[in-house]
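In what follows, chain A forms one complex with chain B and a second complex with chain C.
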Partner chain A sequence: MKFVVLTKAAVPLSSAIRIDPKTGTLVREGVPLTANVWDRDAVEFALEMRDRYGGEVVAISMAPPTGILALESLIGMGVDRAILASDRAFAGADTWATAHVLAKTIEKYVPDFDLVVTGEETIDSTTAHIGAQTASWLGVPYLYYVYNAEVRGRTLIAKRFLEDEGVDEVYELKMPAVISVLRSSQIPREVKLSRKLTAREHLQIVDNSKLGLDQDCVGLRGSPTMVVGMSPAAYPPRKRIVISGAPGEVAKKVAEVLRELGVVCAVSGLQ
Partner chain B sequence: MCSLWPPIDKSLYNGVWVYLERDGHKLKDVGLELLGKARELAAKLGGVEVGAVLVAAGRELAQEAIYHGADRVVLIENPELETYTPVEYAKAIATVVQKYKPEIFLIGATKRGRELAAYIANSLTTGITADCTALDVEPQTRDLHQIRPTFGGTQLAIIKTPHRRPQMASVRPGVFPKPPRDVGRVGEIVVERVEVERKTRLLARERRVEIDVDLPPVESSEVVVAGGRGLGSGEGFKLLAELAKLLGGTVGASLMAVRAGWVPHSRQIGQTGKTIRPKVYIAVGVSGAIQHIMGVMESKTIIAINPDPNAPIMKNADYAVVGDYKEIIPALLEELRKYLS
Partner chain C sequence: MKFDVAVVGGGPAGLAAAYKLASAGFRVVVLERGREPGSKAMYGGRVYTHWLDKYLPEFRKAAIDRWVTRELVTFLTEDKAVTLETTTERGSFVTPLVSFTSWLARLSRDAGAQIVTEITVDQLARDERGRFVGVKSGSDFLRADYVIDAEGVNRLLLERAGIVERLKPETVAVGVKEVLKFESRKLLEERFGLGEEEGLAWTFAGYPTEYLPGGGFLYTYRDSVAIGVVMYLKSWDKLKTPVYDLVEKLRLHPYVAPYVRGAMLLEYGARMTPVVGINMAPPKFHYDGLLIVGDAAGFLLHTGVLIRGVDFAVASGVLAAEAIRESGDPSAEALSIYEKKLKSSFIYPQLEKFRNVDRILGDETLFRDLPIFATGVVNRYFTIDDKHRTLFEALRETSKETNVSLFKLLIYMARAVRNI
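Moving on, here comes the complex of A and B:
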């Protein structure tokens, strides 16, 4: 079977991330931009499916050339081959234009795909749009928040969890299909250094001369949504009163603050 | 202009419409909240129609939508659509939106809403902005300002969909207030039969029994006591729950505490969790990373308990309490009990 996993090269999830207060942009210096990806749950999911059913896993990413490094570590995890869709014309894409490039890359390079696997959402844009939009471009059914699946003939039996309703559901989908994998639902395997070292042999970079997409339908120009303004978020100023000392004293002061705020009296009625 | 965008006549698109998600035989609040916002936007656009789309629901629910601000409700009818399935619902909704041509179409960003929204947008060859925290319109161009936090919540981006209609946005539950129910309101109910080609089927559905504290959800509490990695163990949350109970509140958590498995994800606060606006927010053993802070910025009062006086949370607090929670919270519980008795 042919599995495609869509992954975005992004900043790792850690408290090391800082925002420059002056420019409002992400501080990227010293951050191992490509060492980690948010989509490792999706990659693990696809690898497990391949290990069970045979076939291959193809990782696809749309990113600037630095995205290669992220794909290399996925190959180190066991992905069979990787395709980086990279072109200056793709820059500034919104989710419509991103899904456009991803879907066309799948159609051209993995036309016989059985299942496309994505992450739940990306850490830097958190839209959860790409999975559904890619499914729409490809004209196939889809399901989000999947944590387990099995193949029966030409159908996929997928289990998913809806966190806000606290509900588990089982669906049957006609394949080919697209699924997004529930965040933190898998235990991603280690990157094997020996395999990572041979990564370049399994990696292909395609630009728009190969994909042949209308320049007006990719990147910033091909995006139906446009960022027209950016303003610093305004939040209420804080008092910053420091309370320190012996725990007993500190507790007395905090209790007083809570009483003044009226949140202790409120309950005494309930007692 | 992109050759794949079918030409449209923007002047044919009118009105502000909302998708209403059901929870069984009840409307989810988020849809009603959006109806309230839709009325406000419709007024700014010169009093255009407010519409609502409901799938496989009865007339009583359509009537509820009218009481909460809809002028017209389209009921999509088809026995095949009794139970929710993503691609079939998304296509059916897109078909109706295509027919009625609203200039704005809003969707609640519940888990199911997130699943549907982008597919609907793609089917209509239009753009969509996720998780808007504010919406406004420019009366001259009739463009919708889709406002969402970005760069870790330090900035607000204003996004438009200038060339396509409808303009679509999703909004999380609890962002806009629910409008009052006015039984005097009248509106029209239209039934549309939409055919679907079945590609997905629901086989089973079960409520998961989650191990959680017996306390209200974070988004509806006046007092939230949140714990982070600094608690050191799940045991720490028992202390926080005691404090929360004395204050008539609930417990929340940082992403690290959720990752550690001490509390379910439904209690996570921040960029990838819940945004809350309580009267009092108490952060215990939470460092105050920007992704966490952005979920509590609108709290009236913030109290932080942390041994590190330089932790970022201390600079974002009204009361920066320096110390070990294991010493402070038991003493605080004692003080409060003394006061209450």
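Moving on, here comes the complex of A and C:
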């Protein structure tokens, strides 16, 4: 079987991002680019299925060249090969234009794919659009929040968990298909030195001269959504409560304050 | 998986060795735990250049933020400060260590070294005769004729190999620092009275460590400053506040706050730093198939005000590379040339010379008495009230008020000037 894992290989580490209060724009300086951590569930999911059914796992990402690092790391985990679609023309893309590049890359380089696997969402923009939109471009069915799957013939039997409803569901999808993997549902395997040493050999970088995509369908020009403004939510002011004393006393007072603020409910254990 | 040389740790020492060896045609791999070389690198702020010019003159093409042209040492108490200031020739530069390290990584890569990141080496691999023959990472075994241990101060691999014991609190200090960014380079220069490429290195004693052994520091980068506190771990039980709170208190101290007002906290970090220099060296620096460089070898010279790590690290890496080139085979006997090189270079003699410095710097009385006394005397001398004091009167009055014996202090000072 042929598995494709879609990954965002260069996202700003969202916990390190601040918004400039004066201009209302993101302060990107000093913010490291990192691999989307939630994609590791998808990678593990695909690798585990490959180990069970045989075949290969191809990781695909659309990112600037800094994305090489993240893809090398995935190859270190055991991904067979990786393709980085990287071109200045792709910059500024929304999810629609991104999914377009990803779908076309799949069609060109892994035309015989059986299953495309994505993470639940990215840590920066958290739209969770890419899976569905890529499926639309490819014209195949899709399912989100999957944590377990097996293959019977050309059918994928996938289990998913819906947190809000608190239910498990079982679906049958005709392959090829696209699934997104439930966050934290897998235990990603270790990155192996032996794989990383030769990672470059398994990594292919393609630009638009190879993909030949219409300039109007990619990047900023191919993006129907626009961010027209941004207003940062105000940080709640600090309470500036200082509690000192013996540890037991402090703990009691802390509990009291938290209860008053409605942060915790009164439970029997908290006196 | 077979290399001529495996270097564990992509810091200044490991990368300098890798660069020299790759340039000489060796197949070299550098194994680095961080995301990129330098991503885990951290220091106070400066690199001394005298020996770099000899061992790695290429450094002048590296990203240098500012040359230190002013040195300040301040004795600081809650409400008083005495500062000694001097101008200096361009003998050291300030730059974020990550810039320097990633520059060195590029240099090594261009020379042909392979750098593998996000890989943790779990063990130095030995053969049945105890010779070092590579490294182990997870279930992988990477074979190499030579292993260079550049793992840094927290030498878990050397511990596991039974070469060194676990670090003791007396041998290290913990440094915590913040990087504060100014609105512009110009604003920083105006605040500190610096010219375009000029920088300032500032150390503090007394208040920043709550009068315990250690000190505070401030270095100016291009448009930001590094401000931090180094605290000897041997006094950890006497410290009632976390070290990062000490950094905040130093930043907010009325004597320091005006300099950094309005600057934005860009990043913060911490690291352990060796404080006993050669006293924490492993029994030998060379074994069958293994050489030890940089902090892991105890190659950091620390005299309180002057802290030199990077020039020692780079030079030891370069010497290890030379030793491997000249050794012919990886036996301990052939590699003993490394030890000879260390001894005939500046590294060993200078560290040996300052062997006793930690005994002075670890003295708790000194860190309390000296700042309190010095600020008291100077403050008193400059205060005109009913009396107009002679310097001697100021000394005597301060001694009486602070309970610091002038005689004891003089003895300390005499010991200090000989050793630091």
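Odds and ends about this structure:
Here is the rule we go by: the second predicted complex is superposed on the first by the 211 of 271 C-alpha atoms of A that agree within 3 Å, B and C clash if a C-alpha of one lies under 4 Å from a C-alpha of the other, contacts with A are read in each partner's own complex, and residues count from 1 in each chain.
In this section, a contact is a pair of C-beta atoms (placed from the backbone, for glycine too) under 8 Å apart; a residue touches a chain by one contact, two chains touch by 3 or more.
Just so it is clear, the model here is predicted, and its values are computed rather than measured.
In the superposition on chain A, A:Ala91 makes contact with neither chain B nor chain C. In the superposed model, A:Leu69 makes contact with chain C only, not with chain B.
In the superposed model, A:Trp137 makes contact with chain B only, not with chain C. Touched residues of chain A were counted for both chain B and chain C, and B has more of them. In the overlay built on the shared chain, the residue A:Lys196 is in contact with chain C alone; chain B does not reach it.
The residues of chain A shared by its contacts with chain B and with chain C come to none at all. Of all residues in chain A, those touching chain B in their complex are 15, 17-19, 21, 24-26, 94-96, 99-100, 121, 123, 125-133, 135-137, 140-145, 157, 161-174, 184, 214, 216-217, 221-233, 235-236, 238-244, 247-248, 250-252, 254-255, 257-259, 261, 263-264, 266-268, 270-271.
Contact residues on chain A toward chain C in their complex (touch as defined above): 29-30, 32, 34, 69, 73, 76, 190-194, 196-197. Partner chain A is touched in their complex by these residues of chain C: 1, 29, 31, 35-36, 39, 114, 116-119, 137-140, 142, 181, 266-267.
On chain B, the positions that touch chain A within their shared complex are 1-5, 23, 85-87, 90, 110-112, 114-119, 121-123, 125-131, 145-146, 149-164, 173, 199-208, 210, 222-223, 245-249, 259, 265-266, 271-272, 279-280, 287, 289-291, 294, 297-298, 300-303, 309, 314-324, 327-328, 331-332, 334-336, 339-340.
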